[in-house]
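Letters A, B, C, D, E, F, G and H name the chains as they come in the text, with residue numbers starting at 1 for each one.
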Amino acid sequence: GYARVDTHRGVRTGDPEVVYAAGKTAAETVGIVTALRAASGDGRPTLVTRAGRETVDALLARWPDATATDPARPLTTVAVGQLPPARGRVVVVCAGTSDAPVADEAALTAAASGAGVETLRDVGVAGLHRLLAVRDVLASVDCLVVVAGMEGALPSVIGGLVGVPLIAVPTSVGYGAAFGGIAALLGMLTACAPGIAVCNIDNGFGAGLFAARVARA
Amino acid sequence: GYARVDTHRGVRTGDPEVVYAAGKTAAETVGIVTALRAASGDGRPTLVTRAGRETVDALLARWPDATATDPARPLTTVAVGQLPPARGRVVVVCAGTSDAPVADEAALTAAASGAGVETLRDVGVAGLHRLLAVRDVLASVDCLVVVAGMEGALPSVIGGLVGVPLIAVPTSVGYGAAFGGIAALLGMLTACAPGIAVCNIDNGFGAGLFAARVARA
Amino acid sequence: GYARVDTHRGVRTGDPEVVYAAGKTAAETVGIVTALRAASGDGRPTLVTRAGRETVDALLARWPDATATDPARPLTTVAVGQLPPARGRVVVVCAGTSDAPVADEAALTAAASGAGVETLRDVGVAGLHRLLAVRDVLASVDCLVVVAGMEGALPSVIGGLVGVPLIAVPTSVGYGAAFGGIAALLGMLTACAPGIAVCNIDNGFGAGLFAARVARA
Amino acid sequence: GYARVDTHRGVRTGDPEVVYAAGKTAAETVGIVTALRAASGDGRPTLVTRAGRETVDALLARWPDATATDPARPLTTVAVGQLPPARGRVVVVCAGTSDAPVADEAALTAAASGAGVETLRDVGVAGLHRLLAVRDVLASVDCLVVVAGMEGALPSVIGGLVGVPLIAVPTSVGYGAAFGGIAALLGMLTACAPGIAVCNIDNGFGAGLFAARVARA
Amino acid sequence: GYARVDTHRGVRTGDPEVVYAAGKTAAETVGIVTALRAASGDGRPTLVTRAGRETVDALLARWPDATATDPARPLTTVAVGQLPPARGRVVVVCAGTSDAPVADEAALTAAASGAGVETLRDVGVAGLHRLLAVRDVLASVDCLVVVAGMEGALPSVIGGLVGVPLIAVPTSVGYGAAFGGIAALLGMLTACAPGIAVCNIDNGFGAGLFAARVARA
Amino acid sequence: GYARVDTHRGVRTGDPEVVYAAGKTAAETVGIVTALRAASGDGRPTLVTRAGRETVDALLARWPDATATDPARPLTTVAVGQLPPARGRVVVVCAGTSDAPVADEAALTAAASGAGVETLRDVGVAGLHRLLAVRDVLASVDCLVVVAGMEGALPSVIGGLVGVPLIAVPTSVGYGAAFGGIAALLGMLTACAPGIAVCNIDNGFGAGLFAARVARA
Amino acid sequence: GYARVDTHRGVRTGDPEVVYAAGKTAAETVGIVTALRAASGDGRPTLVTRAGRETVDALLARWPDATATDPARPLTTVAVGQLPPARGRVVVVCAGTSDAPVADEAALTAAASGAGVETLRDVGVAGLHRLLAVRDVLASVDCLVVVAGMEGALPSVIGGLVGVPLIAVPTSVGYGAAFGGIAALLGMLTACAPGIAVCNIDNGFGAGLFAARVARA
Amino acid sequence: GYARVDTHRGVRTGDPEVVYAAGKTAAETVGIVTALRAASGDGRPTLVTRAGRETVDALLARWPDATATDPARPLTTVAVGQLPPARGRVVVVCAGTSDAPVADEAALTAAASGAGVETLRDVGVAGLHRLLAVRDVLASVDCLVVVAGMEGALPSVIGGLVGVPLIAVPTSVGYGAAFGGIAALLGMLTACAPGIAVCNIDNGFGAGLFAARVARA
């Protein structure tokens, strides 16, 4: 049989059900989602993270109105079921195309968790003018999610500009001394700017869920 | 001269001014606090973290009504000036006496940042019944700060019980394979429970400030 | 020729012969098992760990009544020969499907080593109620084997509930700061709960053998 | 006040109460032991680990019939109260004088936990003849505790000789690439010999408790 | 006798002689400097790095017109002999007081190596406006030395603003996951901005010498 | 759409535009280069680094007069557009064939950034006579780039011979304790010879750009 | 052209020429060997290490009387040309089949370097009786090479038995906390037995050459 | 009582008895040496390594004709008893004063183990001319011991010049990314030059003993 599924979390938190698709076959994943949607029956969406192409296709074939992040990227996030009404405001920021899949996982997770979400791309440390241009937007939201690879300096810079809760997500993007995300992780943990908390490397899901909990309150 | 001080942060965020006392003499620290209090002049408290005994004594001599954490512990936090009115509710949880200084730094920081704060001590993984007894309290606050050393399992357990934003703070408490907080840090970053974000090892200040920003909103 | 085989261990311990199939061809493995079974001739089973699909098929073709763990999982354990009568009682606990192959290796090893074995799946930190429901079972056995990936908090929690010898096995399941099992390994080594000892990452074989030695005494 | 003390563990397991004295003053430690002995009232001993000279003196002044390991060594273990009757048989093995404090902590813990205990010193990898001379003793006990620093090869060698449960304890003894016990820890975790489980670096207490639980059963 | 001294380097490079005072007594250091100044006899200064208070006092007693960095800081740099005429322009940037000793070592080394040097303090990532205010200065020099601890994000930000050669120096300032300068080192090595090269942790001397070689050309 | 491109960097620095091709399809890369060349329109070349065979072929098909490093090597660098006139003199040194791709990336980057460049191959630590033969050449250039894998000793040796700015680039060449470039990286960072600065593992691009900035000044 | 080859080493040392085949095509390798044999012309063999199947086949096609280690193993060593007369005596020891390729590389290298060589397989820590049986052989040779993976305890044990120079070679064999040879490497570096020196992980070539230099003296 | 001493090693190897003084009191060390000299009674010297000032003084008071390395250095080596006649020739090489204590431990150990020993100081990578001047000496000995801290490049350079067995000893000298000897250790393990074997960080004793075994043969 499939893995046991926990169907009562959403009742107390408003969080979606979630299936981590890495290491599961497309059929297994569709089976688990089917079971979850039957059990919950409350309109909450079911989130599937880290789905490969085959799994994404199977999910979209079964639930054609599901919402998915860019299926051309290696790992895709899919939300099955209607997204809840948006409470509060989360902004997800990332610097480069390589960080996009993690940023998109965060954004779709936050939306599926009931927050209003916007994404700002190409806002990197190297283009400070662009950062300064959106400073007022960033300063006005309920929670920021900042995604960065390599040296992970972006949260430091944004954290120095605004005073809102900021979740930093290191990505495994980079080479050499980036060590698969360790450089960015350490940089974010030791950031001088106050009010930054950090999620696991590439964990857009965790950051998006955290941000939605803050925003929706 | 003393270090240049940034006196406009509080205006936009409600955060206190803060002085990191480690590596500064008592006289230097008193001097910086004096300058900050003259410059801000707005009633916000000034926070001093990681103060040694001599510095604590000098601060309390100069500002007798300052609030300080236990001066018998190695590193003390002091809030000079009146604490702001409490908005929202933060609970700081820790398991053992050794983690208390970090938990206290988090709690006083959150209070000085304008949040209502309670601290629950002796709530460890080994005493699940005590955790279950306070579950409803934990589930009702705006933000949790969970402080733990050694294997850092407490956030995993609490994160599985409640759906509120949870800031985990690893401490350097432990020996051998605890590696000065690395075991707890990795455990918290990889916690299965969703909705957990992590601060630097022993960084009670960062966690308290983050939690207050969430709670105050 | 094949590797030299040690055929006198079982006489003194009751342990099965064991072949580590990783890096050996199906033919090599069948050859070694054949030699072992000819040499021992005492009814003890021969255990093959970390067998790939081809090797499993070859073993089951040659010894159709062999016992195997789920061949759909990447790495399978096979016990050739009749399992010995069960002395004592071992329980193997794991939280998720991903940890199942390691848990199954531990369980079949313990059974092939002469212990009575049960497996409890889906008993994770996030579902404390389920853990509490089986607490009396866990407290009554001779030895526990607790398998967990990611932050590896499960042994901490179970070790706080019961006072029986507990072997913790970290798995390489996880991503980012899980570092292929390091986070779980460190968490288990530094667990606050007393009476926990740890095996190598993914070493279900070692844990199962240890537990059987304890149980059968 | 002192730390909250858990006074019901012994009832279910036969384990002693335990106080970790590192980081506590002599007065604090005496206070906690006094409280524990008042609360338990059942004749079980109270164990104090990692006590410095001053704390040892204070404990022995207050409870003159307490049992203590060598007070000339940096960290001493003290058992306050009468040791329980010995059930089963544990042998603690170590190679050198430097490993003695950890071995002694293990031995006194096992005794205070109700096991019969012997200690074999100077049984190192470099003196195989001495190991072979005690092989029959080692093979006949309920549980072995093997303590070693530097490269930690002793458990590998003993584990190849006998088929009893073996708890390996790496120590922080060594220099250079010993890295404070990491070399020994990794060596023990990856030992080829089966039936070895490992405790944290310098964790004689954990090993002794584990061994007693096995032996007493 | 004292260590053999290499007295021909300056002839080909214009670099000062240098003595690394850490681990040498005041008398030893004075002796080596005396020998070097006798041997070179060419007016080039002799640099002493990482001198403790006693050594600084001895050097200043013997050569009253020597140039020294702040003797109140733990480790001081002293240049004995007249500084050479300044060719080219180096700017040393640092964010905080804690990084000052390393920045000062870099600045005095560059000056003693024949470059014109200015130092900008308190130019941190958290105060972008101040960085932007000096952007034209930074963009016009021959070589920048940027000193930073914690997450070491300052070189990333400055490297995104200007196109001059930039030497980044990580400092051991920080706690927890700063790991004595590793976080800053990794951050600087993986900085997205191009044209950044990195020196060893706390190696202000190496950075100052490198910058002077570039500036003087 | 493609990634946003920064088209004003060259104006202030003389650096080429650059596209990091790893993780992009051939079509994406050609598209970005086309956009960049349309936008800049100033004759500066566009650099593509880490291009695979397919991308190299697509670039050369579209811009037949582009300059490319050896396409038989795993990762190729391509400069589209005319190389600028050479100002100053950079020499790139490497010891072995395995380090050649990184050395070539550095050399073509420096040329595309406006420096005169030569490459010296087979100049290793094991052949000191060859090094000594080119000593006068090395001592006369504006900036050296020294590329080395394994233990990375070459910069130490060259840095002891000449007094010019030296950028060291560790490569991921090696096995075992080379740890994918970490041994070389640490060796270069701690080199005793002064005047050495280090780039990220395999970062020939960064070193070439840095060297050109120095040389062209 | 091919890599520059150093053809004068053998004259002074008696060592063979050597080609590291990893990362070279079969054709490249054959070309380099051809050039080396033409240049040296002195009857010394040419050694090729880490050759894949295709390269081995090409070498044996061109030089049918070459000596090769087991071509069924992943990486093969080939000696082209007649092996020199044997001076002195080297014994290579290894415990398991998995370590055989490294042991064979060491043995063929030592033979090609002019030493007499024997190999003892299946001499592991778990079979002490077999070790004791060959103790007199081990004690009588000029140099030992001991190859081991996992915890690498074999050199400790042999080093405690005999007083001859012993080169220990860690292999990358193992899983989990073996960390690709790090556990064995650290174990060998910290071995208590004196007279042990260590080569890089999997570096059978280096150990064989070292041993031959000792033996042939 | 004192530690058990192994008094039969010298008979088979010609090695001295050895006492590791770190962590022993002066009185304990004198006691052990007295016991060893009584037991051996064969004229072999007894070596004491890592002795502090007090221990050195006690040893020299008791055995005035003992040989000691520089007692002004932190850790001293003392040989009690007459040094044996010198067989063969060992040269110990080091670059700087800081490495001298380790080099001296190696040299006195080799002498006490029956080898003829010379020491060459100040032979660093930065002074190649000096290295080249002694090349013929280095090439003519039986075994070299090369001691180096920081990046540890000296063995690479010497190993490229001569074809004799070379034992490399990394020292913990250095700062920042030297990581207490790790940089030098990795550099030596991965050295491109063949015929290098490595001892533990700061283990002059092990290197000296190994070299003497080679030289004396």
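Quick notes on this structure:
Throughout what follows, a residue touches a chain if its C-beta (ideal position, glycine included) is under 8 Å from a C-beta of that chain, and two chains touch if they have at least 3 such contacts.
Nothing here was measured: the structure is a model prediction, and the numbers come from that model.
Here the repeat of F-G among A-B, G-H or D-H is D-H, since over half of its contact pairs match by residue number. Separation between the centroids of chain B and chain C, computed from CA atoms only, is 43 Å.
In terms of their C-alpha centroids, the spacing between chain E and chain G amounts to 47 Å.
With each centre defined as the average position of its C-alpha atoms, the distance from chain A to chain F rounds to 36 Å. Between chain B and chain G, the centres computed from C-alpha atoms are 57 Å apart.
Residue positions of chain F touching 2 or more other chains: 126-127, 176-178, 185, 189-190, 200-201.
Shown are all chain pairs that touch, namely A-B, A-C, A-E, A-F, B-C, B-D, B-E, C-D, C-G, D-G, D-H, E-F, E-H, F-G, F-H, G-H. Taken together, the chain C residues at the contact with chain G in this complex read 3-4, 6, 22-23, 170, 172, 181, 185, 200-203. Across the complex, chain A meets chain F through its residues 96-98, 121-122, 126-127, 175-178. In the complex of the two chains, the chain E residues touching chain F come out as 9, 12-15, 18, 139, 142-143, 162-165, 167, 185, 189-190, 194-201, 205-207, 209-210, 213-214, 217.
The touching residues of chain B, counted against chain C in their complex, run 95, 124-128, 132, 150-153, 156-157, 159-161, 174, 176-179, 182-193.
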